[in-house]
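Shown below is the structure under consideration.
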């Protein structure tokens, strides 16, 4: 169900103009490419059609002194792709900062005995000191690997996540990895994800994907009995239990999930991936590279799916079922029918409380487009959306999700986003922790849509019920009534207003 | 081991004089009878010899407007004797205050499923309202009993603990108890422990003892196979686990503890008590009545014992063993020998930290005499002691515990006690919660010796180690060094001193 | 409107309420140089004393008429007289506050006449000591009623009647018993920051604030409202009563002296504090100082940071009526809902305004029965075992709190106290968060009861 | 003397320390109208920013020079210049605080010269904005060092050198990073109560205290020390440095201007606060006001009420050196003992005074290994999982604290902060008390390790 509504293009064009007017000319010209208004909502499936007249220009360099929300390649590899692989130890290789800062920033849930056979929430760093910078860190890396083998013998493998200095001091982490892998008979994966590579975390995804291709696939004998309905779920990081909610549905329609990348994943799941029959991509942005590789090398087809909200769940399940033929199609229809009453109950409860509420999104990965319909399923309207680190293919994929007049912003700065929010004053903003406090101080309800704000899962039917409840809790909390937005204040001293 | 020391009689006589000089004549005359200085330390076993020249006069009425530490008969029955019987429900019968105030004031430990088959830490009251006072409460009591039977069907019996108004409004709780006992086929014990009876909690003990005699003994068929080494432990309320520590020792020397009154006790233990071979009295004050009755009626001898500190433990174990003959005597010597190294280790550790430290005690029950030797076992000295609600036989029993010159105070007021403490300035005061804060504010270390200050057990060898540690922690805490006692302050503004 | 449900049973199982004389004694303790005197047996006094000591961890100068069996039969006037004279001789208090107990009230003596007789006969000996009587049988009301009766009695007995010259900067504050020592300190400081002078009756912040007196032996309360202040209440510009149970004393003061009063049913929360600050502004003619504005701003921020943790949470509260209202409105104002509300007496008008479907007059047994599935229990320390049995965290509020330190130093009112409450509660929620597991995911599970695995409780409802 | 043990392994497992540039950024955030600028990749800045936001729950105006691959190879001066100019144009800050990161420090450029060049070439455009450089590579030191370096750099760059006319009522305070926002507020209020004026550098209480700015879009810090205050530090009568890591900035200030300094290695505890109050008395010539005396009295009472819960308790702390000293002396002063002490770097002189047998330079893995049998863990939020594995309660202290609200509003210093700490810790102990059972009684059990049933941990020691 895509709601039939149109956003205020003129207002949005005006806001873009105002924002840009504050920059020096050169910067304004560069920033202009990132901001746009959608021309018309396209039909689903029309991938590739232009999103807007001027279109956004994405995946280009950040500007010094203009802080945006983006991370770096290390964040893309260690933080997103590799970090959740639970039975491996991931070394943040270099000085302590990167590892410490990024520790526990994502809620990748898992099961396992932490510190014994599972290591997701532990943090390992080679903690470079000045002498390591001066004399090189390869010797230290060897020691660190040896120590890990001794302290955590049940680890299934190690990855070496390079921080910036590694690429500058000429260390040969590949050689160390090869040597130590042989010595300990373990998989050791060197990842060249130094932060200065690329313009955001996005290149880190690519590098991490490549390291799977080069250092994991076909490197060990995989004993695995493949079946006809085997699928990999790729790019679901199990934030708040998403992957678990997804697996429930896929298994109900008769498929077997043989790998989940990389939420709650084991190294073995990654190794056996090439034996599956289909790759189901959740986060296209971070994992399309390896899927394209698997398609090319092993002939495994891939397809995207979307399990946010009942409209997309149903559409995606049917698409997936089609791939496997009548038996699965029948089961799928039964599953959809089974969940209908639940969906109706959720909508009946929350739609009256959420109908017509407007939402602005600014997130990473696939969410700026994928969650749109979930909101619309509840009667809400998306008035603006944007990606932290998208490429142009992301924006092409966004076209059919957004309605005419929707404001589109790429790699937006705090300043720009706040100006847009202030101008539009939506009923809800869904973005990240950095945006949370400024938006709330504007008197506008907020939910973190990276991490589900300590809630979740949001995938699947189970997740939809939680999603609906969370949005209701955020928007309808009574504190918003107490909050006099500062711009509504009279010039009188604040107390005079406050005291009524 | 009784340390050989003598306290400062002259100082103590002077302090008594000073304290009394503050009272109106009439009150001074009455208070004088409660205060005294010990003439000489007697030898153990010489019960009955005069404690001091003037002797204290105890168990006499309190003076209006001169608040002491004493409680009332209800406190003695509900709070001490009956409350810990764990599988019965004890109704505080009357207005809510008494029940609420006394709730969880003693740490009678127990095992059991609270609220299911065990009720010690629950509080039940008939919560009288004005109409119950005016029209009488018997009907309400019936209802309360019925409700308890319905809500807590696994209770083994009920006691009705009368609060003051019951005795005034002419309720017939005995008739109600009889009626309901028949109806529910349960033991129901009415206890006439109205607070206005007697001068302290002491009469409540007696009344509670009598109610056991009249409403429990010989009322049901007791199926129980008696053995030759069966003993009851009487008057151990299992504060902080004391009774458990006691039981360990008695069982090690070959006895069988068939009843423990009333810490962690069941109604069945009370019922079968007359079948034991010996009653071992811990708290003589609260339970001598029923032991004398059992001696008279069932021919069960009784003896007092003292499990505080190794000297008394050894002496008591040997006394007990003598009663049972050579087999038990041999086992007892083996047990004593087994624990010697532990005792030596405790003393070696703590004596250097506690040697020569002076102690003043003011507690209830048997403690003002029984714990003395435990302190002396650690090299400490008792300079003053007194009972809250003693009778003369308590003071007779105290004689052989105290050394010459020890200050003795009976039913002391907060004012008197503080004056004594201020005059003597001992290194430690052991008393109750009401004394804790004034004493500490004087800059003097304190331990609660009713409730073991949330610690315990203090009985037995296990308890001695804990006791020694606790006294060390209290006396040697560094905060006492920080504390400028106010009378040591110069006249200068406090900061000038403080800032040094 | 909130439904008020009467008690469901005759027994109280784990009573919520303590009793009236204790509330009155507390109020008297807020007067400087005072001694509360329980007219009853030494036992009641001793019990109440211990409970007060455990709660405040302070010396409590509570006294007793030590009624014995004979006096119980023959009448207690002699004991009352002897107690008063003994106290006067030994400690020369400024105020003796007589609180009657169930024992003497059951006999139904005429205490007012007894007291008049004593005062008349002993006029010379008792000069310089006010003696105030509060009729507070245990079989009626609870702390709230006892406190209000004592304050009313003090005003009736001590305050000079008649219209008097008003001091433009002076306001009288009559706080409910449920404000902490820190609340009173903060209230005074807030009022003073507007250039006003506050006379607070009772004022526990002087006597029970955890200080160490310089002069050692203090047989009465120290700090607190002076008797002179009580005499001169009629010179205030404005009286502010906090909590519904203080309406009666405020009315009596107005009746006696004409001082108008404003009633705040709660001082917790942004709106009520705004109203309070606004009143201070208008009385003083001064705008709110920077410090107050900053506190408001910090509270706004705490509302933003904290609301997230409260949304949709289910709270079970057992408290006396005004505190129930104070806490319940705080929680619902943050987006939580009141899943269970239990209170001590059904007569207070404030109960109708409690933002819950119904309020049960009852005990902690009722709370335990109603609270299954809640996210937080709120009551005094005796709720700890119910909390443990239910596996639900407990926030301690009310009286007694004997198993935590510093409860009197926690702010619960005005901007800052509301801010602190938000942090405290949000942190309890954060500490007891549970992550989903693969097994716990089930779309058909009833999410309204987040954890079905809780053990059944013994109370029926 | 305390033994300082060097790191035992090459890896850091669950690092205790975060890194230097973050400490420097924090210090710059305590200046009004400032923007800290990370000279490095956008990624480092983004990570640090998120961590700061999670800790403070505030908007953090951290900026980046956005070094990319080309700049990394060819040198970063252009990026630095562009960043500074962009910031100047768009937000006109009073101060830009450049913090170098491992990325640019590894290249080993001469940033000081770069900056001089930029300032010279762009003098006109940059007028009115101070630009301060702190060399803070991640591969050296931790927050403490970064903070101290930034403060030193600000004094060196901004403070007017030379002896100046002294203002008799003005004192300069250089607080360590480990003081909370509430500590700073309280410090200022305490100083002012003596009739003195305090210039506090840095002052996080203005900018990160959880207020909601009236003016919406504030691209720099708001509140905090003004640049003018920093310029005029030389007119203070006295400088007070708090924590050993502030000795260097205090020395630099004295060297530049002759202002004498007194160093307080900790402001937690009765004795140190007495010394502080005494100094204020002597500088101001005023005796301590009643409010301060009352607080001291309340602390005394808290010492009495609280010591009982601390006696014999075993505490395991992991913190940066000065905070380790502050907390360890607090605990031992209450009768607890330090069973494990872990810190970030071994160079601070304060470590020798930590009241523990030994101090391990290491990580939270070390803490977890050393803490078995302790009664309390004390470290930042990342210690929560170790605490859970060990079954020992965690008191959160240091940076980051992201899973509790209000950590910046907790007092930890002076009389009141010490009092609050006592309550907090005593309440943790009270909440985790265990009663004995018949089974647990055994005289031969080793009481030094209260619970043998704890799971083994993965770290070896």
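All chains are identified by letter, namely A, B, C and D, in their written order; residue positions are counted from 1 within each chain.
In this text, a contact is a pair of C-beta atoms (placed from the backbone, for glycine too) under 8 Å apart; a residue touches a chain by one contact, two chains touch by 3 or more.
Everything numeric here is computed off the predicted structure, so don't read it as measured data.
Asker: Please identify each chain that touches chain B as well as chain C.
Answerer: Touching chain B as well as chain C, we find D.
Asker: If you tally contacting C-beta pairs, which pair wins, A-D or A-C?
Answerer: Taking the two pairs in turn, the one with more contacts turns out to be A-D.
Asker: With chain centres defined as mean CA positions, report which chain is farthest from chain D.
Answerer: Most remote chain from chain D, centroid-wise, comes out as B.
Asker: How many Å are there between the centre of chain A and the centre of chain D, using C-alpha atoms for each centre?
Answerer: 33
Asker: Rounded to a whole Å, what is the gap between the Cα centroids of chain A and chain B?
Answerer: Centres of chain A and chain B (C-alpha means) sit 66 Å apart.
Asker: At what distance in angstrom does the C-alpha mean of chain C lie from that of chain A?
Answerer: Using C-alpha averages as centres, the distance is 51 Å.
Asker: Approximately how many whole Å separate the CA-defined centres of chain C and chain D?
Answerer: The answer is 39 Å.
Asker: Would you mind listing the residues of chain B that make contact with two or more other chains?
Answerer: Where chain B meets two or more other chains at a single residue, that happens at 437, 441, 494.
Asker: Multi-chain contacts only, two chains or more: what residues does chain D have there?
Answerer: 57, 212, 300-301, 304-305
Asker: Quick one: do these chains touch in a line, a ring, a star, all-to-all (complete), or other?
Answerer: Chain contacts: none of line, ring, star or complete; other.
Asker: Which bits of chain C are touching chain A when the two form their complex?
Answerer: Going through chain C, the ones touching chain A are 270-271, 274-275, 277-279, 281, 287-288, 292-293, 296, 300-301, 303-305, 307-308, 310-312, 332-335, 433, 435-438, 441-444, 447.
Asker: Spell out the residues on chain C that touch chain B in their complex, using ranges where they run on.
Answerer: Residue list for chain C touching chain B: 9-15, 17-22, 37, 40-51, 53-54, 57-60, 62-69, 71-72, 79-80, 82-87, 89-90, 101-103, 105-107, 137-140, 142, 212-217, 219, 365, 382, 385, 389, 457-460.
Asker: Would you pull the chain B residues touching chain D in the complex into a rising list?
Answerer: So the residues of chain B in touch with chain D come to 109, 111, 240-241, 244-245, 247-248, 339, 342, 437, 440-441, 453-454, 456-457, 460-462, 465-466, 469, 473-474, 476-479, 482-483, 493-496, 498-500.
Asker: In their complex, what parts of chain D are in touch with chain C?
Answerer: 57, 209-212, 294, 297-298, 300-302, 304-306, 309, 403-406, 409, 419-420, 422-423, 426-427, 430
Asker: For chain B, which residues count as touching chain C in their complex?
Answerer: Those in contact with chain C are residues 22-24, 27, 61-75, 91, 94-105, 114-116, 121-130, 132-133, 140, 143-144, 147-148, 151-152, 163-165, 167-169, 195-201, 414-415, 418-419, 422, 432-434, 436-438, 441-442, 486-487, 489, 494.
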